[in-house]
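Lettered A, B, C, D and E in written order, each chain numbered from 1.
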Amino acid sequence: MDLATLIGLVGALGMVFTSILMGGDIGMFYNAPSIMIVFGGTIMVVLMKFPLNIMLSSFGVAAKAFVYKSQKPSEIIEQSIKLANVARKEGLLGLEGVEVKNEFLSNGIQLVVDGNDPVLIQKMLSKEISLSIERNEIGVSIFKAMGDVAPAMGMIGTLIGLVQMMSNMSDPSSIGPAMAVALLTTFYGAIFANTFALPIADKLAHRSNEERLNKSMILESISAIQEGLNPRMIEGLLNAYLSDKDKYSSNNKAA
Amino acid sequence: MDLATLIGLVGALGMVFTSILMGGDIGMFYNAPSIMIVFGGTIMVVLMKFPLNIMLSSFGVAAKAFVYKSQKPSEIIEQSIKLANVARKEGLLGLEGVEVKNEFLSNGIQLVVDGNDPVLIQKMLSKEISLSIERNEIGVSIFKAMGDVAPAMGMIGTLIGLVQMMSNMSDPSSIGPAMAVALLTTFYGAIFANTFALPIADKLAHRSNEERLNKSMILESISAIQEGLNPRMIEGLLNAYLSDKDKYSSNNKAA
Amino acid sequence: MDLATLIGLVGALGMVFTSILMGGDIGMFYNAPSIMIVFGGTIMVVLMKFPLNIMLSSFGVAAKAFVYKSQKPSEIIEQSIKLANVARKEGLLGLEGVEVKNEFLSNGIQLVVDGNDPVLIQKMLSKEISLSIERNEIGVSIFKAMGDVAPAMGMIGTLIGLVQMMSNMSDPSSIGPAMAVALLTTFYGAIFANTFALPIADKLAHRSNEERLNKSMILESISAIQEGLNPRMIEGLLNAYLSDKDKYSSNNKAA
Amino acid sequence: MDLATLIGLVGALGMVFTSILMGGDIGMFYNAPSIMIVFGGTIMVVLMKFPLNIMLSSFGVAAKAFVYKSQKPSEIIEQSIKLANVARKEGLLGLEGVEVKNEFLSNGIQLVVDGNDPVLIQKMLSKEISLSIERNEIGVSIFKAMGDVAPAMGMIGTLIGLVQMMSNMSDPSSIGPAMAVALLTTFYGAIFANTFALPIADKLAHRSNEERLNKSMILESISAIQEGLNPRMIEGLLNAYLSDKDKYSSNNKAA
Amino acid sequence: MDLATLIGLVGALGMVFTSILMGGDIGMFYNAPSIMIVFGGTIMVVLMKFPLNIMLSSFGVAAKAFVYKSQKPSEIIEQSIKLANVARKEGLLGLEGVEVKNEFLSNGIQLVVDGNDPVLIQKMLSKEISLSIERNEIGVSIFKAMGDVAPAMGMIGTLIGLVQMMSNMSDPSSIGPAMAVALLTTFYGAIFANTFALPIADKLAHRSNEERLNKSMILESISAIQEGLNPRMIEGLLNAYLSDKDKYSSNNKAA
């Protein structure tokens, strides 16, 4: 569960609402046509930009920004060292029996157990990494697109309001409220883009990057296990992926 | 038929019109010179940016955003496995008789049947992929250019309206309507860019990306067939191109 | 002669003028100091950005956007096949006598006839391509710079007008016309950037890209001729550069 | 201690405050809800964009812009030459006893002393460089994100103020002060982004670049020492990293 | 001496001043606090972005945009041919005595005379090129940063002026002049960015690019001389760096 996304979303909207309530009635910030043109219009335009099936999957993708949790890199190192020890004692076939939680690592070990050529395994797994990153980026780009389109739809709505107001200025006292309503679409567009769509896109991009780093570590670890590298060497190689204070040390865990 | 593009376009424009109608008369949103300067001006400027023959083909390219449908990757995997099985049983020459729907795959198989060198085939097909992507990107860039130019022409039209209004402010009651008319060009530019030109550009870019992925799969499959790779291995290699839930499994189809 | 550039420029300016005339007197759109600050200022600032000799050559470069015509790729394929046939019948030395219109192809063939090493020829011609593209891009960047600077100078001029107007608001009736004049520099900057400088930059970039593709085709063709490749194979290799409907077929021309 | 960051921050804020005080009372520039929406809102939105643990470490990262000092490249050259001399006299094992302050260099020398393969060492250290740069860039991107979000939150706050003001224009004398308050959020957003978040991001990026250059020098020096290169040659190789006036000359120091 | 930078700067500022003088008194364009916040604030913020020693050297770097003159490529070709002729007649050691003006070429030739390995020389000189380009880019980025920060400080100053004006609108006749003063900071920021900082950055980038091309030519020429290539061949190789009308021909100079 990624609390930061939830806390941030609730906190940002909370501050906006508090700020509105401190200035008076919240009712003046509600306008049905403005909501329709910003939210409905944004969905429709983003629908034009992406295929239907990708759009439909975007809700699930957004959820990922709230609940997804990448595996901790130190766990991957620990598991790799365990696998390397098994491989040195029992040979590559001995890896068959070891239980591996991470699916990507498990698939890779299976390819090793099946006796495939190291170069082919590297090629297959590298491609799987780059293609899964490409799929993640489509999820990111849907929310980036929402963040681009919402302010534009907000501006279109404001222009509609301004044209209607200016065509009909017989009653000066109505000018202020009419302009307030016209500005609401710009406000909705800015809120939707800046406190929802763009942060979700950035969080998803961050998750995708974590996934890429984890999978690169696994790729390297599989290659090292297949080459029969010293487990201590593998620890050194994989620790390069961690910052100094997160470095994994087998001494703390296994004797 | 890509319904998402059509639904999105109709939906976005529908919401804009509904929003206009809810605020009053739609007549105040029609202004002939503004239409001329935004739509005509945009076409003219884009004509300056691209050669004539490319511009003329852009209508056909736009249509592609509405009707084009990429082949499903699982079909390509299925066909590749069928071809690999034939190649293993009857040799590469046996591929001659197999009917292949996908034109790019069919051309590639023909090169294999003709006994060309694998390296040469890879080189020819890779170049065909990268050059067809380059041609697609010109189509994308025409609509991107429209999306850039239309708001600029809108601003130019609004400036013309403002200068005319301000030079002649003897009648205060005419200021409002004159300003409304001046804003219309900005409105037209924003509508044209955000609900037509830019989404079409993005959809075309998306289609081009799908085409690139499909052709890369085919390139890989042809290479594997020529090397005489195990059909099950080819299935594994090509499945890397699919997300987990779309993975093709030959077990479900062929025994 | 590239008619699209001329039609586009005349058309875009025509629409702007028509739109002005429909709204009244064109005289209110003329202001000498605004013209000076936008056009003169832009030239001066661009002069700061680029060396003098490059600036002086920019008029010739701009002309290229109106009159330059790239050679048709099918002509290059035709000529390459002719050369390949000669090379197969009479040897590489036989290429000496063949008349070649395209200067880049002709220089390349001369290097082949002189008996240079294929690797050296590839290196020399590749570098010539990449360096001529780099020179073209300087031409493109001059017009891009004009397109960036002109709106900025327009804004500076408008700020000057606004400061002068606001410092001296004793006569309310003069405010409107003073503001109209202040807006004119913004208008000039937008017109110059959007209907001249940026489209010329894009057209030049497009021409440069066509030149790069043509020269890459020629590079490939020279390499293939020197290797003694089958003319039919060369046709296949070079046709990858053409879209499906433009493919060259030797059957239609030579028996 | 990086004085430039501190001087710049104090100086920029000092000029802003001086400018405010010259115009009158500073009290009119304080507004609690505006502060909440800009500073609180920015933190919340940036929290959505990044994982919680990275956000928490960002204060430490910001401190780095004030206190971090990269090692001087000439010191690295000096130490490398010393190490190279030792390696030539006593062999690679002789490096064991040499005290090395720089941690990255010290780790690398240890790998050499342990008798690892040069290719493996290069691979491990290169990866450590690229991954530590990637981690630095996350720190940079947090402050870049703050610099993007703060003006957006400022605009949202100003829109709230404008809507409230315009909905309630019965008292004309309150319009001015209400608008002044509305503008304050835009002001806070601009100040926070331009005089704190973006400059910190740029300084961190600069530090990261210095670190990359230093570590590349060390990588090269370790490789050269392991190959047994002449110390004078190493001096030449590493001096390429320095500008002409900073070149290290061993003649000035060691005989 | 690069006249274009000086002419452009004087010309652009001259047009701005002329335009101001045509509209009336220049005194209304002078405001001390605005100057402080734009120029002082920009310097302070840029100081935060870069290390102190780099900032201090930026004045010298700016001077380079006015006085630096790259060596003409044809001179480099001429000198390379002379060196190649000497090398063919007297061997590589004969190069010792030849006087070479260009420092980079002279250093390279010294490496050749010292009998270093061609691969090592290429590696050292390539790195020196890429690292000197990197140093140049820091100079460019200081002026780019000034061009980004100045308009932002201008906006901050204008916001300060607007807030002060609106908080205190009791005297309507003071509104105009107060707003004029508020706009001055935006004006100063736009002038400083567009007619000084950004053009200097672009000119420095251009100079850096010329330096890169010249040094690449020299690198190639040194490599060719060391390989003992025919001087006529070297002329051909290096001429690729020149546009058609600038091509160097040894026939015009040496017999």
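A few comments on the model shown:
Assume a contact is a pair of C-beta atoms (placed from the backbone, for glycine too) under 8 Å apart; a residue touches a chain by one contact, two chains touch by 3 or more.
For clarity, every value in this text was computed on a predicted model and none was experimentally measured.
Each chain gets a centre from the mean of its Cα atoms; for chain B and chain E, those two points are 40 Å apart. The residues of chain D never reach two or more other chains; the list is empty. Taken chain by chain, the contacts form a single closed ring in which each chain touches exactly two others. One closed ring of touching chains is present, and its order from chain A going to chain B first is A, B, C, E, D. The touching residues of chain D, counted against chain E in their complex, run 2-5, 7-9, 11-12, 15-16, 18-20, 22-24, 28-29, 65, 173, 176-177, 179-180, 183-184, 186-187, 190-191, 193-195, 198-200, 202-203, 206, 236-237, 240-241, 243. By the touch criterion given at the top, residues 33-34, 36-37, 40-41, 43-52, 55, 124, 127-128, 131-132, 135, 145, 149, 152-153, 155-157, 159-169 of chain A touch chain B in their complex.
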